[in-house]
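My questions will all concern the structure given below.
We just call them A, B, C and D in the order they show up, numbering each chain from 1.
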């Protein structure tokens, strides 16, 4: 049975306050949502790639994690957690451990789409019983908002700045969720802390309690990098979903399923407008860039609908 | 260096089993209580490429870890190597070279860059075809070099090799007999031109 | 050994610090007060609250206090005043005021 | 009774690993260490070990998975060479700094470029400051013995550091030689079980590992790590003594060969030491007071002990199978020379970089070094401090 919000709020908090993430940070909302799906009686080992989440949540001598936590490096949380999971399997087999543990790796889009892709791919291919959660905020925020392969086209970042002749990042974003689907692991889903959180709770629960590897790609706004006012976190998420910039779907044992279809698909402009990183697109001479983005969103959305047989 | 140490150099082509033969010889010597070394010329083996392997056999612990430059014996697993490789380089005069060839030893001397020591030949191809139905020269060559060096008694060698084959061919026991036959025939048929 | 503690504070000798920087007390970040970061402050109007709980999961600082499934207040020790709860509330239960 | 066997260096290492029966092995193949994970995965396939074998997609992930597994509480091993070790580099430091007792055979091979699969020590020498304990092995026997001892050294409560056990690629790894093995039961008894207090899977007390560590605390963590390395020296000797009781084979920080009255000596690591011993014997027969120091423990560096062992010599040659490209001698040379700084009437010390990329080291090469030392003693003059031995001029 899927976890509803009424029940979810009763679960013990596994990620405490007192961490040093920015005010209004989406990453901690993502983390809290995923961890809420853990059954209270289950223990967990959590890994994090170097990134905002890690440096802010585990800053000696403080940790915001109520479960066991390990940070190793930027590009290797997949391998690190797979090692811990292998240790668990053998120690359990040998009777040295009795409790049930779940294994969850968190990485930003830098540690997941880019530098950590190999380690993630290896861990998933090997079939470890773990969940890899990408909190995708579309740039290397920890080091000061540099472009990643998850950064949307035309976004202004510090290594893809919008200038007089180049209007921000020049490439469309990599579709990592589909790359992960190509691993044919038991569960892959794209989600966001959206609406009443039913989508992310249900997907986190499935990911954690499906035997074998699972991958969650979670849309995670960054007020600092995207340049919007912190209170607007949930609104930005809503716009990403309603414009079909960030479709919610899952691939369970190879079966593609759309989780949410907007009643009325909003134009991409709605998602772009509140964010300072797209400000340059709203100059009159750049109207065609928005059109280009719209075309790409439409193309990807249509292809997804086809895959999901919608 | 220990006076009793015997140094052997093997010349073959990748895929012919020269390396395996050197290891089997080491194994046979080991089983009689000797100290042994068996090692290939280090590198990736490619089918057909000339390769070198080495043996040291001694009554004392072997400490030296260099290649062998002045061998007591040389084994040539493929006769065609003679034209390209200086197989007798550094070979001691009082030693011997053992060549896989149907020819008589003296017929090959002209190919050995003025080498003056003993030459032995054994027709490993015929023996292999007769006993194994395929061309695997390494077992006959092992029999021949064991005979020439006389590092162990005949029965000791056969017993040790039978055990090795049983271990090595655990999954295909049908080839053990053929290999033993090949070993024994080569042991008997190797012929020498001693100096 | 269940209550092994990580020494806090800035003046811990190398002999006393923990090996490899391991932290023994899970969740001890609660002892670090991030409430000081606030320039704006959400104020919960209990009487208007419908207990819909939508403010709870949106809080990045785990600062919506809940007991038995009901909201009971805001943890100002850790609330950074981002205002996400204020915007997320469908019933406008929160005031968002300047921190005094 | 010891088991008389003949094994290649890689087989010896894999056999030690089988007898230790670690909880997790995560490894990626690279010549010349490839056989180690190959043999080991066969042990797993045959059920002769209980180990979880994680066939990772790179050495970086191998070491990363080892860190995860060791942090989780498992006894963990891996093996690598050369570029594989280089790819692990970042995580070597993390393993050591996180105080994780991982044991790793390093089958020494030259680092690229140009690519070369043959033996030298440029791989492990480059990792000398990564915080790993480094043991070097002359032959298959020493590699086997070192690995078994390494488990105890690494996991000792006063140490808690990872250990590299180095041996020469191909020269030892692929050479079949005689070896004496311990019965598996004895190995198991010797290595015991990993004693754990703080680990990820401790249900009593969850922990956080690998924090961000800022200026107020980082230095203290490093100082504590340095102390563990200091402690390792004593622990290595204690465990060697225990191992000697079990096997009769004696190990120290280094081996002194015919050093009692030696006037000249070379310091060398790994398999070249065996060849050099032959040369020492020959020189001794000719009345030359030659000796040899074979360094077993390079990290921690036995600075005081080496000073004591070398101080009365007239001339010392330090042979490095790796160049540090400092333009001032090899890495072992630099440290030995520094170690002798305080000695009054210290011996002349010269550097020989040799055997790079698998250049064979012959008896004559070693003789040349001793000849040079004799020349230094006789003339009282050092013609050349920094030398390359066996290179084509």
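Basically, a residue touches a chain if its C-beta (ideal position, glycine included) is under 8 Å from a C-beta of that chain, and two chains touch if they have at least 3 such contacts.
In UniProt terms, the chains line up like this: A, D = Pyruvate ferredoxin oxidoreductase; B = Pyruvate synthase; C = Ferredoxin.
Since the structure is predicted, the reported quantities are computational estimates derived from the model, not experimental observations.
One finds 50 Å separating the Cα centroids of subunit C (Ferredoxin) and subunit D. With centres taken as mean Cα positions, subunit D sits 35 Å from subunit B (Pyruvate synthase).
Subunit B (Pyruvate synthase) has its Cα centroid 63 Å from the Cα centroid of subunit A. For this pair, subunit B (Pyruvate synthase) with subunit C (Ferredoxin), the centres built from the Cα atoms lie 78 Å apart.
The residues of subunit D that reach two or more other chains are 206-211, 213, 217, listed in rising order.
Annotation for subunit C (Ferredoxin): residues touching 2 or more other chains are 12, 21, 23, 26.
With chains as nodes and touching pairs as edges, the resulting graph is of another kind, matching none of line, ring, star or complete.
By the contact rule set out at the top, the touching chain pairs are A-C, A-D, B-D, C-D.
Within the complex formed with subunit B (Pyruvate synthase), the residues of subunit D that make contact are 6, 31-32, 117-119, 138-139, 168-172, 174-178, 271-272, 274-275, 277-278, 282, 358, 360-363. In the complex of the two chains, the subunit D residues touching subunit C (Ferredoxin) come out as 97-100, 160, 197-198, 204-211, 213, 216-217, 219-221, 223-225, 227-228.
Interface residues of subunit C (Ferredoxin), counted against subunit A in their complex, comprise 6-8, 12, 18, 21, 23, 25-34, 37-38, 53-54, 56-63, 66, 68-69, 75, 77-84, 86-88, 96. Residues 1, 23, 26-27, 30, 35-40, 42-44, 61-67, 69 of subunit B (Pyruvate synthase) are the ones touching subunit D in the complex. Per the touch definition, subunit A reaches subunit C (Ferredoxin) in the complex via residues 5-6, 8-10, 13, 15-29, 32-33, 36, 57-58, 60-69, 193, 196-197, 223, 229-235.
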